[in-house]
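What follows is subunit A paired twice: with subunit B in the first complex and subunit C in the second.
Showing the complex of A and B:
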């Protein structure tokens, strides 16, 4: 009996292994395996896309492989070439390393494909992100989500108390005083001190307003340490220091909170505003109290701004096709299909998030007031994207705050000032510049 | 086809394979030789998986780490190039110059006294109370053993909630007494690391206690009874009879406690995420953080440096512990 079981097991194992190498499913259909980071947006959006693509391509069978840790798990698979999916939708990580090592399929032909008659995918991408996926002469990645980040406010509280949405940083400073006076214990801000980089959403916005998008792009190319002398960075940090250096403007113990704790404080009315992004609504859906209303405000304009209307996209999530994927052409066709108008609108309807293409998501019916307020900002502002071609940046030798990372907690606690951070970062980079360049392979 | 027919066919096939094998390799076909071969085959099969596992996941990984520590990734060529000791120089310079790095090392080494001189003695006392059946032992069991069987993610969340600045019951109690750090218990540099140590003590007692309890319960009852007939106090029983007799278990836990200096990171990730301002990072946390950012070579050198510290330290501690107490046999 044991031997019979052994023989059956061996046959099963052999057949399973043989199936792994199949390009076609047993049904005779072409199989497309899509792995994705199953994060805040769930999997409904991809299931809708799957259904739409399969309806148009009857010989295709799509298999979805979602996992919250997919971004970390994908690296070893892409590098080893084993157990690969055909497409990866991943959150921001160092994909450039995979591209330079030859693990990724060049997507130049995808960029040339037409999404609508006479319109290529490259034409349809927002101008500022066309170069997002380029390493050297080739395109290796496609941006996944665009974003809207900034200050989210309790719109019902604002309406009930008669508070105006601030248009400038000075208005915002005045508003914080008003909230403390009239708010009956409500604090102006709550924020997650453990993930204090949430303040990047606002501070980068002020910086980009002050310097303009061209100068911001120049900063992130890291041609010399002198870029760390940009005045906009100092002005933005000073605005932050004025608001948050005053500890009475934040809820108690804010520096130790994680994002869900801060968001719970916000939706339960302990604070009027929170630095956050489009995803907050879906992330807190299960906990939203009845009658709670929120909206996103355009980033208040900093004094001396060159570009008053800036949306800080925080774009970084990306799509890649591994070089050794089995169905590369079908993968590209799927990605082209995703960029058609109809699918882009459906994507935004399902996730509440735009993709970085030229289309108007505000026309979608049934969006919540929060999503609509954010999409209006996206539509009416210039979006700021961090797209660096410098190995110093994607090799993690230099970043925005190179000395000690995001300085927001230290400024809140009074251990650093805007000026000490600004000077400290410059000094740190200036002293190590040659070494960084050598380490990144830019000089011998 | 009946069962017997299938069995016959399989036996014939087996004999055919065995004979072919023996003929090809001209093997001795005697009964003794066959038994010897079967025995060797059994040993080979038993060793094959663990040895392969050891070779792939220990030998290969460690050799790869050593090689990586002498290399650096070149983004222009997409290749790793040898830079010899540059990664080591960089790590040593950062350790000397950057206050955050110094803090990281201090945070890590503080786990040595915390785990060995606070958690371990508390575990011994708790295990002894449970062994003696003192009043409240049930409560002790729940308080200290529960953390060992609950997921660390749930446990850290519960611990964080107890000190939540707005909703936490312990925080509210302390706030009534006027004790409330400005940035919150996990967001103020003076308190965040201590909160992690506190958590590790609370969560660590249960694990140690189970092992110590097991060791105590295996002690010969006549030795304990003889002491009690002589009228020894609980303190004397614990310090003069039980601790010397379970010394090998204590030595093991002491060594495990020392390795925490170089391995602990999940607690930090879940409680403070390394903050505020990187003040609660440990050696292992920093290595994980660097690897996650896509840098494999610097953390490899970082890891190698601390491996060179860890090996003699742990061997010295083991040697010292064995010198202090005898290896009791009973």
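Showing the complex of A and C:
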């Protein structure tokens, strides 16, 4: 008897599942498949968008294909055309090559679509990122997340000790002495020595302050090796050297830490500051001690700065539509919809992250003090974006520190100086310039 | 009537016994000579760190014996590249313990690259200069019994193939029996890194231009994101492309296994490795007919500013880790039936999905065979990957893999019904069993990460 019931149950279940699967396929609705890097922001933001879009477009059925590793997975799919989605939301990677190889759908018409009456998507994008998606004559990508990076500080500790948030690099240098004197063993900084490129968040900011955004843009076009002689890069490295070359300013053994270990030191009060970004709060959410408070400080201004208020966005996350996607027009309509004011505010509310459009996310209620402090910086600073159209850059032949990759550990250990890094990068690139250009297909 | 029933039963039993006996007699298991050995390589040999007295701390007989004991039969140099003394000592120790050694020699690695004029013609004097450097460099070890070849380049852009092809030709002239070792990028490497070639061209052009003896590549599939384990989506696609191109060219291919966890500043995190992870990766590669597995890594590499490694088989301080024990076990499982497995040629793959309407992404991305004349049906309680093979005597072989991420510890009960078979020779994780089939049906209980190589007869 039991067996009969089991068999009947199995048959019923199988038939029901088959019917479920069929219902979607036969619903007659247009299907929009969205693949996305399901990383720190989870999928709630996209489920909200899905619901809002489907509410306005009853004939659309959105399928979400989230995967933490989607950024790496997308390349082989877009290249091979197998298991292809209609839209990809991906973290920073080299999408430019996909465009030059013809794998991506041009999005020029999307840029011309109106998000609000009389305002095109292009109008609404922050000026500095309008060209983000351009390769040659066409737009192939849309920026996804904007960012805020720099120095995060323990705001409760600062308040309790009466420490002022430094406005200049010199203030910061003075503050490090004050912390060491008054901090009862607290060190000014902790940072992940194993991933020392976290210092890019601050050092690039100083460099951009000193040189201004135009010169930074010039650097990243890599027209000649002479761009590596920009003085701002040296000044920024010197500021870093002054602060971090003094090993007493960092927690002991910092050189061996990975990011989560450094962040644990920070939230547990071993250090007052850490180079980091907007994501630290969600990344450490589960471990935050009761009563812990942190905020992001505007990057302290370097002496001689042309642009004192710089936010180092580290923008790079992007959205693309594959050329072979099945529902390209619907994909574009979805992306237009996402750029409406209402959706942008909802996005920031869901993720704590701004998108690079003209809107004011600081008006959103219920944001944490940390997110609010970061959004205030985003709102009140000029954001620095690395947008390079040079095949040398997106072909990974040159980058910011071509010789060392990230020189911060060596400077901390005294194995390199700011000047030797600066000179070394120039020499390295100068000697290989023709070879790089040849390899990047920039010469005959 | 009762008597005749008994008699009928008796006769039936006799017939059955004789029938079965004759079956047993006809169904002889195939026999395989023990003359084939799987290439089990490993990147990063013991480090060149010296003690206070100037002696190599880790290039020792004890460390090399450990390599041998682990089942690795070829160790790949890394830190010895500018240290000839370290190379020679490592070669001696390799010979002593009975393994082979890939030399990494910085004098050799980049030769013959700049000997062409702007029209691509060889400048004879430059060629002769480089040849002299080459011959001088290899002189101290070229006849060493443990010398298996040179690590020439890791993950080259396709832009380097012309050079590599030229170099390979020269290399073969002077070292015809040695390996000109090149390891290629995975599918998830950027187009830029691959020299703007799509992956099929990247592999195809390598075979065509460099004319290698084998194809080696890496693909590290075991990811960790926010403490969640995932497999790379293109793990099988990568295998499919390499296996197919290699088969077309009549070449063996070797795949690197992820034998260490690492984190990259870009956010890429590969998780730490378990025994099931190593077993799983070996089995998946074998389902595509790999003729060699390679561990990345044996010795724990130094971390850089943008990349950090957890402990591999051996720590940076020369201590064994749990990965050593796991790797040793899995390597020996393979070595216990490699002579059988290597007697077969890979044909294709088949899959079974528990969610046929929306299979796992790896299955969605690959080409598979829907049927096989030897298989009537098959299914699993979890997803199943089957590699199909043909033996030297046209017999069928099947590599049956529990295709679930070992991080989740899922057991898979796989049932296969074979046509025209009463028995099967089965190697579950290397252990041989002869199984009598019930109407052709074989049931396999595959633990997480496990596989079975099945030869029905």
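The criterion applied here is as follows: the second predicted complex is superposed on the first by the 419 of 444 C-alpha atoms of A that agree within 3 Å, B and C clash if a C-alpha of one lies under 4 Å from a C-alpha of the other, contacts with A are read in each partner's own complex, and residues count from 1 in each chain.
One rule holds for everything that comes next: a residue touches a chain if its C-beta (ideal position, glycine included) is under 8 Å from a C-beta of that chain, and two chains touch if they have at least 3 such contacts.
Model, not experiment: these values are computed from the prediction.
Peer 1: With the two structures overlaid on subunit A, would subunit B and subunit C clash, or do they fit side by side?
Peer 2: Aligned on subunit A, subunit C clashes with subunit B.
Peer 1: I'd like to know which partner A:68 touches here: subunit B for first, subunit C for second, both or neither.
Peer 2: A:68: touches subunit C, not subunit B.
Peer 1: Regarding the shared-chain residue A:265, is it in contact with subunit B (first), subunit C (second), both, or neither?
Peer 2: first
Peer 1: Look at A:195 in the shared chain and tell me whether it touches subunit B only, subunit C only, both, or neither; answer first, second, both or neither.
Peer 2: So A:195 meets both subunit B and subunit C here.
Peer 1: Regarding the shared-chain residue A:395, is it in contact with subunit B (first), subunit C (second), both, or neither?
Peer 2: both
Peer 1: May I ask you to decide whether A:91 touches subunit B, subunit C, both, or neither, giving the answer as first, second, both or neither?
Peer 2: Second partner only.
Peer 1: Considering only touches as defined above, state whether A:166 meets subunit B (first), subunit C (second), both or neither.
Peer 2: neither
Peer 1: Name the contact category of A:39: first (subunit B only), second (subunit C only), both, or neither.
Peer 2: In the superposed model, A:39 contacts subunit C only, not subunit B.
Peer 1: Who does A:80 touch here: subunit B (first), subunit C (second), both, or neither?
Peer 2: In the superposition, A:80 contacts subunit C only.
Peer 1: Which of the two partners, first being subunit B and second being subunit C, lies in contact with A:277: first, second, both, or neither?
Peer 2: In the superposed model, A:277 contacts neither subunit B nor subunit C.
Peer 1: Hey, which part of subunit C ends up inside subunit B in the overlay, 127-135, 145-153 or 433-441?
Peer 2: Only 145-153 shows clashing C-alpha atoms.
Peer 1: So subunit A touches subunit B in one structure and subunit C in the other; where do those two contact lists coincide?
Peer 2: On subunit A, the residues that contact subunit B in one structure and subunit C in the other are 72, 93-94, 97, 100-101, 194-196, 258, 394-396, 404-405, 407, 409, 439, 441.
Peer 1: Hey, which residues of subunit A end up touching subunit C in the complex?
Peer 2: Touch list, subunit A to subunit C: 21, 38-40, 67-69, 72-73, 75-77, 79-80, 82-83, 91-94, 97-98, 100-101, 194-197, 258, 394-396, 404-409, 439, 441.
Peer 1: In the complex, go through subunit A and note every residue touching subunit B.
Peer 2: My answer: residues 3-4, 72, 93-94, 96-97, 100-102, 193-196, 247, 251-258, 261, 265, 270, 391, 394-396, 404-405, 407, 409-410, 412-413, 415, 435, 439-442.
Peer 1: Given the complex with subunit A, which residues does subunit C contribute to the contact?
Peer 2: Residue positions touching the partner: 157, 159, 187-188, 190-193, 196, 198-199, 223, 225-226, 228, 230, 232-234, 237-238, 263, 265-268, 303-306, 308, 357-358, 361, 364-366.
Peer 1: Please name which positions on subunit B make contact with subunit A in the complex.
Peer 2: Where subunit B meets subunit A, its residues are 6, 10, 72-79, 81, 86, 90, 100, 160, 164-166, 171, 180-189, 192, 272-273, 275-278, 292-295.
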